[in-house]
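What follows is a pair of complexes built around chain A, which joins chain B in one and chain C in the other.
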Partner chain A sequence: MKFLPYILKNVLRNKLRSVFTGLSIAVSLFLVTVLYAYINMQDEVGKESEKYARIVVTAKQGLMFPVPIAHLDKVRAMQGVKAASPLAWFGGKYKDDKIPFAQFATDTSAIFTVLDEFTVPPEQLSAWQKDRSGCVVGEKIARKRGWTFGDKVVLKGDIYPVNLELTVDGIYDGPESSDREMLFYHYEYLDELLKQARSQLAGNAGTIFVKAQSADMLPSLMTQIQARFASSDSPVRAVTEQAFRQMFTEMLGNVRAYIRNVALAVVVSLVCVAGNAMAMSLRERTREVAVLKAIGFSRTTVMSLVLFEAMVIAVGGGLVGTLGARALFTFGDISFMAIPGFAAFYVPWSTVIFALAIAAAVGLASGMIPAWRAARMSVVDGLRKVV
Partner chain B sequence: MVPIKYNIRSLRNRWVSSLMTILGTGLVVWASVLAFGLADGLDHTLAISGDPLDLIVMRKGATSETNSIISESTAREIDTLAGVATDAAGNKLYSSELVVVVNTPRRGEQAGSANLIVRGVPPVGKQVRTGFRIVEGRENKPGLREAITSRTMARRFVGAGLGEKLDIFDAPFEIVGIFEAGGSASESEVWTDLEVLAQATKREGVRSALQIRVNSPDDAATLMNRIENDEQFGLKAVTEPQYFLDQAQAGMAIKIVGRTIAIVLTIGAMFAVANTMYAAVASRAREIGTLRAVGFSRRTVLASFLLESLLLCLAGGAVGCLGALPLNGLSTGTANWATFSELTFSFRFGPAVLAQAVLLAVLMGVIGGLFPAIRATRMKIVDALREI
Partner chain C sequence: MTNSAPETLVKLREVSKEYMRDKIHVPVLSNTSLDIPKGEFVAVMGPSGSGKSTLLNLVAGIDRPTTGTIIVAGQVLNDLSESKLTRWRSHHLGFIFQLYNLMPVLTAFENVELPLLLTPLSKRQRAEHVRTALRIVGLSDRMDHYPRQLSGGQEQRVAIARALVNDPVLLLADEPTGNLDATAAQEILDLLQQLNEEFEKTIIMVTHDPRAARRAHRMLHLEKGTFVETELDALEAAG
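Right, the complex of A and B next:
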């Protein structure tokens, strides 16, 4: 510890170089943080959904096939079911959006019991329940699009041959890992429009989200639901919410492998870059190191001094990069990332810690060779050397 | 002009430092090339998928075939409209098709599953598509549970290989042939007979979309108007290129993410290059003084150092590009949210991608080297010569 001032002095000796190395690391680790946040966030959200004890019921043939709304009451009557709600993806176009945000037709009295991580002020909830063409939107999307109570939201149908004209009645909020960019509206409103249009899609619940009374009931409840409709015209598949989410992640393909490859390239690149800077610094200080050794500092001390210096720079840069990433995604607007799975993007603390560990490792690795060379250098040569 | 040999020798003289910088920038270029190659491959697949003389008819409001439903009777009416091309035997080149999405496991452990498109095609459907040909095995026979698919799909999905059985809604379909369709989006699909698929999925009497061949762009425009304006149909017709252009939005995310990665990493690399060049300038103060003393102008010295920085980064760029080339043509796939299914495509490192990579390297070299080079020109000759 007593060497800390000396190390800091060395870091600041060539300010420009240290700042540049730090910035190089900061910028690169910013990227690594964001990329890894994508992976960690999904794992975290998956784990979270485990504790909510929910089941998603879809048509056996997949999401493009209907789940009859008549299934809903049968599911509700089952033992172990706390609440159940239809959740039908509308996928409508809003204004000039190319990719639709999440819009679900749902049961207004059940949805917030099923998705109980969300909270809506009671007066807003009851206003919504009374308003057939009303909707409740997430706090994040409301902020992003500037929606407030009474605003009209018109959605042009893509999958469904009808358009929705909705009024914002309420805004829901929820924990950090939850998706606060969804819109919920009355299932009856959609179904009525579909019946008027004589569409074959009327009477389709899309999916049914089921909240179990406890997590240990999930396996038996899933078997029960599947068995109940196995021989009907519309057999279903019941999976945990976690498995349901995973399906979407898997659809994206081997994103994880790609992210790991990029991160690995970045880390190796940083070791080269930071190591180079460290080597340059030490080359300029050859005589000084020789003096240190001449007045009795041990090899280990000399080595650790260099290693620490490298780590201070790397971790300093890492802090700027990772905390910057977290700040940006907590307070910034990232609406351009409006694709499914990105809606609730945030940087978990686990990613910040992971990225800082990378920074420390980069510092250590980059200081290794210069430190070893400094420790091994012969004092006589060092003292004689003119740089 | 300071001879370029001077720069090359200087780089060689400090070879460890040069090599580290080349490696550092090279890896950044490598990662960027991968990102660009991914986006380019996706774009390419969608771009070559469209033939302006092929029309796709869907329900009004639907943006993809998978979201579209047309009744068989309406489909038959479209058949009678003028403008549909005919083949040599007098058959109308008009194919009404059923498209379903089937969740299928990918090959390989932990690869998960993805939705693949199974298309029920009447016999004429293959004629409507130019570039379609069977490259292995044979065509599927109408009325039988047989299917054909592309080589990529055969490699990617469980049960999609030649001779294997693919489960489509619990019904096994034997893969009897492998087809090619010029690398287009059709190569991300499994094709089977229309009636057989309708039966297997209990969707008799339902069609998803119609594929129509026309003779000329004028015919296309007339037919599109006719379909669009008839309220009774509630349908719309788009040319294939337009259809895939709309879907290319699916690739936007990949493109944005890829570009962001490249730009962020390039900025990071600029700092690294600047460091190397500052050190180069600092340790060569005497040389710079000498150059100036023997009459090289400030501007020449600036150009010389910029050139050196550029050389360094271009070497890095070359390393990055060469490192990425072995991955050219590697097939991969991602979700096409418009159709809610997997679109397979290959990494493509064409001239455009490589040019982008070189551009990044040049940016690193010029911007990273600029300030150190300016510092070199600012040195007073007398001071510089006196430095040890």
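Right, the complex of A and C next:
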């Protein structure tokens, strides 16, 4: 600790260089944080969904095939089912949005029992249930779009041959890891429009989300559901919500390995940039290092001072980058980066800590060679050096 | 009544030093022997390349002799490893350089405090030592100044305070007045003389200036790596 003022003064010796080195670390660590947040966020959401004891029922052939709405009551009647609700992805276009946000046709009386991590004020829920063309939206999307009660939301059908004209009746909220950028509306409203349009998609529940009475009932319930419809015209596949989310990740290929490789490349280039800056800084101080050694600073002390200096710059940059990423994704509007099918993007604290550990490692690695050279430098040669 | 001989602080025995430059052996010191008693102020003179700085570096233990033995304050330096030598240096030696070599990012106080950071002294004790050292060199009122805010003479005083702060037995000064004007040089020499007389510091000073050398008890003249007998007046007359 007693060397800290000396270290900090050396960090600030060439402010411009330190700022640029710190900024290059900040930008790179921002990228690493965002990339790793994507992985960690999925893990967290997956872990969270485990405790909600939910099953997702899809057509056996895959998500693109219909699950008849007639299956819903049969599922509800099964032992161990607490609640069940259809969730039909509409995928409509809103104004000029390029990527649709999540819009689901659902059962207004069951959805918030199934997705019980969300809360809606009772009077809003009641108003929605009475309003056939009403909708409930997530707190985050309402904030970003500036929606409030009574606002009209028009969604232009893309998958479905109908348009929806909805009124905001309620706003739901939920924990940080939950998706608060969804829109729920009456299943009956969609189905009615589809019937009027004589669409073959009428009577399609999309998927059925099932809330089990307890988590330990999930395996038997999944077997029960699959067996119940195995010999019907529309056999189904029942998986835990966690496995359902995993399916989306798999659809994107081996994203994790890709992300890790990109992050590794970023870190390696970062070590080179920071290492070069550190080496330059020490080259300019060759004589000073020699003086330190002449007055009794050991190799170990000189090496530690250099390494600590490199770590201060790297961790400083890392703090800016990684906390900046968390602040941006917590308070900023990053809807342009949201990936459809996943919960709204956020940066978990575990990722922040991980990124800071990377920053410290970058500092250590970048300072290693300059520190070693400084420690090994001959005092006589160093004192002769004219900078 | 007997007069006991003063204790020898620096002892060089048949010390030689050669450097390798482009595969060529360059002898710098040849079979040099020297005794410096405790409390003596010695000036080492000689033309450039005569081995003055090398001699100082060897006594300081920042360079190793090719042959011969060096004993300082009872310690055979040849026997010490690099790390032990560094630790030994921090306890027994004070260095004064021609170009002061202060850390530009540190204040006068912090520069003087540097060697004390290696000791187990508390912050308060360190501050006390630093203030004392700066008071001795007459810079109590410049503690918070950075080197760039000081004159050359003042910078050298700070460097002397840094060399002094650990209370070493031996001060090594490599052309301490070489970069100063005449007035500042005289002040620095006064200070060195005061350290020698009042605080009984043994001083070895390398210098080109015969007037500086006059302040010393003894003058050694190096010529091509060996000590030669020279009269100071003759040197002065030679300019």
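The criterion applied here is as follows: the second predicted complex is superposed on the first by the 382 of 387 C-alpha atoms of A that agree within 3 Å, B and C clash if a C-alpha of one lies under 4 Å from a C-alpha of the other, contacts with A are read in each partner's own complex, and residues count from 1 in each chain.
Here is the rule we use: a residue touches a chain if its C-beta (ideal position, glycine included) is under 8 Å from a C-beta of that chain, and two chains touch if they have at least 3 such contacts.
Quantities reported herein were computed from a predicted structural model and do not represent experimental measurements.
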item	value
When chain B and chain C are modelled together on chain A, clash or fit	fit
Which of chain B and chain C A:380 touches, first, second, both or neither	second
First (chain B), second (chain C), both or neither touched by A:294	second
Which of chain B and chain C A:99 touches, first, second, both or neither	first
First, second, both or neither for A:6, with chain B first and chain C second	second
Touching partner for A:215 - first (chain B), second (chain C), both, neither	neither
Contacts of A:200 with chain B and chain C, given as first, second, both or neither	first
Partner chain in contact with A:357 - chain B first, chain C second, else both or neither	neither
In the superposition, chain B vs chain C on chain A residues touched	B
Which superposed partner A:327 touches (first chain B, second chain C, both, neither)	neither
Partner chain in contact with A:227 - chain B first, chain C second, else both or neither	neither
Superposed arrangement (fit on chain A Cα atoms) - minimum chain B/chain C Cα distance in Å	13
Shared chain A surface residues [contacts with chain B and with chain C]	none
Chain A-touching residues of chain B, taken from the complex the two chains share	16-17, 20-21, 23-28, 30-31, 34-35, 38, 59-63, 66-67, 69, 100-103, 106, 111-115, 169, 201, 234, 249, 252-253, 256, 260-261, 264-265, 267-269, 271-272, 274-276, 278-279, 282-283, 332-335, 337, 340, 342, 388
Chain A - residues contacting chain B, complex	16-17, 20-21, 23-28, 30-31, 35, 60-64, 91, 98-99, 156-161, 200-201, 246-255, 258, 261-262, 265-266, 268-270, 272-273, 275-277, 279-280, 284, 336-337, 339-340, 342, 386-387
Interfacial residue positions of chain A with respect to chain C in the complex	2-3, 5-6, 9-10, 12-13, 287-288, 291-301, 379-380, 383
Touching residues (chain side chain C, partner chain A) in the complex	57, 60, 62-63, 82-83, 86-87, 89-91, 93, 95, 97, 101, 103-106, 110, 114-115, 117-118, 123, 162-163, 166
